[in-house]
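Both of the next two complexes hold chain A, though its partner changes from chain B to chain C.
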Partner chain A sequence: MFTESTFVFIALTAIFAYSFYAVLVAGQLSLGQAGFASLAAFTAASLAPDPGDVGDLPALLIAIVIGMAVGAAAALILGLPTMRLRGVFLAIATLAFAEAVRILIINMEWTGGAQGMSVPKILEPWMAWVVLALVAYWFWRQGPTRYGRALEAIREDELAARAMGIDVGNHRLSAFIAAGAIAGLYGVLWAFYVRLIAPEDFGFAQAIDGLVTAVVGGSTAFVGPLLGSVFLTMVPEVQRAIGIEAGWIRPFLASLLLLLVILFLPGGLASLLPRRAARLVTGSADERAEVESRLSQRVHPTDGQTVVKLQGLGKDYGGVHANRDIDLHITGGEIIGLIGPNGAGKTTLVNMISGMTKPTSGTAEVLGLDPGGVAVHKVAAAGVSRTFQHSKLFARLSALENVMVGGHLVSKPTFLRRMLWLPSARRDERRLAVHAAHCLNRVGLADKEGVKASALSYGDQRRLEIARALASDPSLLILDEPAAGMNHVEADALSDLIGSLAQDGLTILLIEHNVGMVMKTCSRIVVLNFGEVIATGTPEEIANNPAVVEAYLGSSESEDAS
Partner chain B sequence: MQQLLNGLFTGSIYALFAIGFTLVFGVLDRLNLAHPAVFAVSAFVGIELVEVAGLSIWLTLPIVFVVGSLLGVIIERVAFRPLKDRPDAHFAGLISSIALAGMFIALLQWRYGPNTRRFPVDSFPSTTFTVFGAHVTLLQVAILVISVLLMVGLSLLVARSRLGRGMRAIAENPTAARVLGINVDRVTMTTFAISSALGAVAGALFAMNVNSAQLGMGTAIELKGLAVIIVGGMGSLPGALVGGLLLGLAEVFAVQYVGSSWRDMVAFGLLFLILLVRPQGLFGARKVREV
Partner chain C sequence: MRTNLFKLTAAAGVLALALTACGSDDGGGETDGALAGEGTGDDCVIDGEVAVGAALSLTGAAASYGESQKNGLELAAEDLNEKEGVTYTLTIEDDQTDPRQAISVFEGFVDDGTSIIIGPTLSNTAFQAQPIAQEGSVPVLAISNTAAGITEQGDYIFRNSLTEAQVIPQTVAKAIETYDLQSVIVMYSNDDAFTESGYEVMASSLEESDVTVADTLTFSKSDTDFRALLTEAKNANPDAIFVSGLIEAAIPLVTQARELGIEVPIIGGNGFNNPQLMADAGEAAEGVVVGAAWNSASDNAENTAFLADYEEKFGSQPDQFAAQAYAALHIIDAAVRSGCSAERDAIKEGLGGISDMPTVLGSISINADRDAEHDAVVQVVEGGSFTVLP
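And now, the complex of A and B:
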């Protein structure tokens, strides 16, 4: 019932879908792949040697090399200016590129214009499937690696990924270049199978088909594009086989099936298959000690050494002073409590310290860096790690995977070594897993390792954020309202944890509304009100400071007035 | 002068099409890729009404408007509402609207076959004017006037009415809008209905302007619509108006001075430039990232 060409088209469609998958895993929506494929197909078809001279397979291999290089180069050139665009904007910019390529090729002499170009048919079905197997292998091996997890983290929450020390720009660009190379590969295979290529073979409709294939198959599991391709290629074949007339019924049923899949299978067809999540590896006590000494090599600033030094730091939002003239000096091993009423500017201050907000006045020095002058991931690399007031977990990743992303900075890249099945990659992955399990254990979440972050209770999400922040072996740990939503038993346990972290040499900056907990935990307290520091001192000094009491409780006069 | 006017007429249809596109995006942050299918469906419906029911072309427009709004309700109910709370609602909405568009087009093919359809002869008034030495038909003037009226009406609706306030509130924050007692589902549905109604009128006017309708006509204008809303600024109504007129003018001048094979390059060149230099578009506001 199926012809040879059906099998070839399943492979080709799947390869094209992988070029969408390559960026979808990083949460990017690109429609430029048809443009990359088009450039690659026409360039390779004109430059590759004649199969009559060098033989079929060598000619195809040379063409593939040319095509992938062209696709990757085009993606790099397009990616440099467009990688800062997000969501639909990126999709439309890349779509515009693809259309521009199409119009360009129609208007060129060497491509044969709108008639297109004839190309020898040398692609055999087995070749297409070997190439598909290689591409699928690539993404299978990419998934559970440091690089693969970093891409997923970017998809789930870009800002949190930056805070974990991931260079988001580079990762996004490399995913885009991979998409370009694979799209180029597809273009070449297509050209050497269909005999005649025209600019219209790589239009908007084809780009949409590729995207649909990837999404229907599932963009979170490497088998997704393959499943999507089998499904979408078979639907018309099966319809023909069971005798449904051509014309309107076929596209109608195909569209209807597509609609049903997208509505009722959120993860695509791949979600029908069981997914193996990263498992908790606790390891022996010896192994844990070995791993911790290997992964936690940062030398923390000791007593008296500067961790944070702010001078006259301020932040204006169009005339509203979120922070004004903040002077603060934090030294190694301190536990600083930052308190103040809502809207006092606490979060703005820690955003400036962690490099997420640029100050409008004053200077800051954090672990030897100016956080306003460098990228967020560099601040993280210097040893600053933080949690967020509103949980910014990687929602669709398991608790353990969240913490493993947190360990990005202390682990080694494993993708290339995993492709080659080197034992050292497995060893490094195991070390990271043990380290992550240790961090989970420290916050009391060891039994929740396989639960998706979004399915955790609120209190557990707060704890998971702390475990994730700890995994990067930070020197300065910033906790933004970690005890929110915890009862007092849980808050006490958190307080003990913070104390033990300080024992390990970490410096901690704690924002918290639970004043009792702050008093108990912190060595020094800074009080903010209306963006300014109104008091600093030991817990006793703060408790007796009239300005603080007034800020929290209101002065006696204003109470009278109300 | 003739070129300028032609550009203006085509541009006003682009603008009307794009304004429906951008309305949904601005209020709901979703790109509805079934919009071009509504454009095509309504062109065929318009021709059918004139040919079979023997209506005058002016009477078809209000009917097409209603048909479009019904399609909008279907699109919202089937392709968007079920996806509301999904983490991948952006991608999923694109795909589900593409799927629904495919079904619409397949139904068109069932009813009308794959061939180009035209209005019966003598459906158009033959009145022509001469403006600054250029020939203008009554139909062209009507296209411009109807487009502008609909767009102005929509702007007033969004700016002044209770419904418009609801739309703007949802655009800011859907959860807060719901808490404040706005019936988010109903406003969302109405937004889709209005958006599709405008797209439908644009489709009928386009078919009158070129006196033909094809199954693929939506795809051709889809890319231009996207270009217009990016150039004008995503979600900006005046942006879509200015962007549409600009694109119409730029195209006729490109044909005049560069050659017709490069015409479509204008839209994409413009689009690309804007995205790089001013990603929020000519009239768009920059969204501030919050932690």
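And now, the complex of A and C:
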């Protein structure tokens, strides 16, 4: 039932599945891995030295180096133009690449065409398992690092990841290159085990197999691809062993089993294992102080210094003016309330300030940058952090992990050091954890650290967004309706929190429908209506401004009148 | 974290140990004594049952061939087990047209004491799986591998299927002579190992002749619409069209050629040697020339009985794959009985000594290179069935 090749193919299938896992953790659906594997296999098989001359292991190692380099280079070349594509469009583009490679290999003289190329068999089972162990180790170490969390954040919500200062394009490309390198590794191992490689060994069906293995195993936990491979490799072996007659019934049963797994374990087989959640590390008071001084080094603009300066800013959506002629000057330490009826253009305005929407007219300067002219993550790096009107949390990450992603900008990269078990990586991770715990604590969520963001109550999700935004140590904090779904007591606590943040030197821009809270919290209020600023002033001035009363606050009077 | 990882590692270790244990348990196989019998030839009596393993593509891309082969083997096993003296247990395994499965199935047969392995269906898979039998000193009889180099893999690898080099040059020569060809078009699917290597032999035979190849057109094995290519072929005004393709391509290609008014002979190879051609292409198949390893119209005693038995058991006509599979088990029986032993090395000796043995394929011999030698046949479709091209 279990022969030598079963072991080898469990390892090889798992390695191929890891090449899908490498991009699935970042939310990318690519089917180009078969193409990378094919290029790597044929190139390595023709360029690697004869094992008879240099010995089996050296020949294999050289082939692996060639194969991984070819795979990574192909991924880079394909990735540069295609990384802007999302979801099914990326899948189709990469599939087209794999098909192009297949056609190329069929028609090339040096590859032997459809009849394939013969390759010496030098891969021993132990070699395959050592390689698998190294690949699994790679992803095990990658998970709880700044890089690993950034990829997961991109998978969960790309826009929010950008707002947390993650350079999404670079991260997606590096994940894609990793996928290319591992697919290349698989191609080489395959070539040096099966004796003959042919273009159809790397066809569409094989790409789908790899994807299915990764998804069935679980694409959010590093053991997933291995579990998927054991499962899918063993199904035919077990069927053969228990004597199910060869023929259509076996693939039928295998497909049925696959259907059941996907139906009942949408997170893959890995969801059967307990998920290791990052633990809350509060640390001693001294440690907290040390961490905060280390991670919160930003010098905030002081009173009177410009934080935001908008001149004639406008946004047209094909003739519809979402914002028109907005002039606004915000200085350090202010708490600005932005109010106005629904559809007044409040969210468009903060989107322009945080760089997510490009203005169509006017100029903007935010912390020394033009937010319309640079990438969102650069605006975030300059010190702008925000929450969203509709929660954009990283749903499958725990509350603590969400906040740790928020700390992306203030923490150091730890992936490479974690691979090498350097103690400094552990120290940096601990610092970030302490910092995140501190932020959770500030919003009153310290006891919910292990709960998945999607499982939190609505009010808690609003608070978690604030904690996440705080973790990047911002100078300008934009809160888009943070009190929605909160009761009076919670809203009061939030109001106090905002006050204490301002005392720390943060500048705050608050959009809120709870006018009482805005009046109580803000030092200055800007009122928008139909995309234009209709009033600016202190809470008292606004409350007594007839235009505002008519446009917005007037609703209560008209109710009285009726 | 640490405990989980530890548990996982431990579990993986236990799994690995358990699997290795299972693997080594299977080794060794049956006792040798029971497989060596007494007597010779028809009088040979072997006490033990002779295990014959077959790795065929019953599902996946090559499933249609594997299915025919399975039928042929089952019919032959029934025939042989009616005869006194030697009993065969035939185990047919599916390689799913996947090298991983083929390798695994071959390893299984080597480990469980199988006397001889038949298959696999495709030549590419053969290069991947047959070396395992060679390393395990288990004889292999290939029944449909036509690529060059199959038997060069080792002294345990035999085949009863003629290579392209044995069939195609003869077909080309016969066609040129019969139809007095001057200028021809060659078409082949270049993404299939079988049809591509067939094309290579076809091209070199044409090159050696005086015939001009006006154009060479390629298609994919998954294509079903050949009108554009055929129009191009028609414009070259050839005397004949040579095609190296599988039966799946042959049927639409022949049909569409006749629709477009191409009346010149269409000449195909082993892939065309299938009764489905007449069944599905009907009238259009008339006049198609097929070079093949099996003469379905042969009236020798073995073939007549085979055609009748097959029709009775499966309700359809056999194709070349079924015939070669059927012949294979009879050849194995002859090899076993010649030394009256079903031990692996004895079968290997026996196969090497096969000479002028009457089979459904005609009188067959195994030569010093362990390849089969028998007459190939050039057939033409006439009145809805294959007849030998005179």
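Here is the rule we use: the second predicted complex is superposed on the first by the 552 of 562 C-alpha atoms of A that agree within 3 Å, B and C clash if a C-alpha of one lies under 4 Å from a C-alpha of the other, contacts with A are read in each partner's own complex, and residues count from 1 in each chain.
Methods note: a contact is a pair of C-beta atoms (placed from the backbone, for glycine too) under 8 Å apart; a residue touches a chain by one contact, two chains touch by 3 or more.
No experiment lies behind these values; they were computed from the predicted model shown.
Q: A:V238 contacts which: chain B (first), chain C (second), both, neither?
A: After superposition on chain A, A:V238 lies in contact with neither partner.
Q: Would you check which partner chain A:M356 touches, where first means chain B only, second means chain C only, and both and neither mean what they say?
A: So A:M356 only meets chain B here.
Q: Could you say whether A:R195 touches chain B, chain C, both of them, or neither, answering first, second, both or neither?
A: Touch status of A:R195: second partner only.
Q: With the two structures laid over each other on chain A, which partner does A:A289 touch: chain B (first), chain C (second), both, or neither?
A: In the superposition, A:A289 touches no partner, neither chain B nor chain C.
Q: Is it chain B or chain C that touches the larger share of residues in chain A?
A: Of chain B and chain C, more residues of chain A lie in contact with B.
Q: Using the superposition on chain A described above, determine whether A:N107 touches chain B (first), chain C (second), both, or neither.
A: both
Q: Could you look at A:L211 and tell me whether it touches chain B, chain C, both or neither (first, second, both, neither)?
A: After superposing on A, A:L211 lies in contact with chain B but is clear of chain C.
Q: For A:P81, decide between first (touching chain B), second (touching chain C), both and neither.
A: Touch status of A:P81: first partner only.
Q: Report for A:L47: first if it touches chain B alone, second if chain C alone, otherwise both or neither.
A: neither
Q: Does chain B (first) or chain C (second) touch A:A543, or do both, or does neither?
A: Neither partner.
Q: Shared contact residues on chain A for chain B and chain C?
A: In the superposed arrangement, which is not itself an observed complex, chain A uses residues 106-107, 247-248, 250-251 for both chain B and chain C.
Q: Under the definition above, what is the set of chain A residues touching chain B in their complex?
A: Per the touch definition, chain A meets chain B at residues 24, 29, 81-82, 84-85, 87-89, 92-93, 95-97, 99-100, 103-104, 106-107, 159, 204-205, 208, 211-212, 215-216, 219, 247-252, 254-256, 258-259, 262-263, 266, 347, 351, 356-357, 388-389, 395-396, 454.
Q: Please name which positions on chain A make contact with chain C in the complex.
A: Counting only chain A, the residues touching chain C are 1-7, 9, 106-107, 113-116, 118, 121, 194-196, 198-201, 223, 233, 236-237, 240, 246-248, 250-251, 273-274, 276.
Q: Applying the document's contact rule, which stretches of chain B touch chain A when the two form their complex?
A: For chain B paired with chain A, touching residues are 25, 31, 78-79, 82-83, 86-88, 90-92, 94-96, 98-103, 105-107, 109-110, 219, 222-223, 226-227, 230, 234, 261-262, 264-265, 267-269, 271-272, 275-276, 279, 289, 291.
Q: Which positions of chain C touch chain A when the two form their complex?
A: Of all residues in chain C, those touching chain A are 1, 4, 8, 16, 19-20, 22-23, 26, 58-59, 61, 92-94, 96, 99-101, 103-105, 107-108, 111, 123-124, 127-128, 131, 147, 190-193, 195-197.
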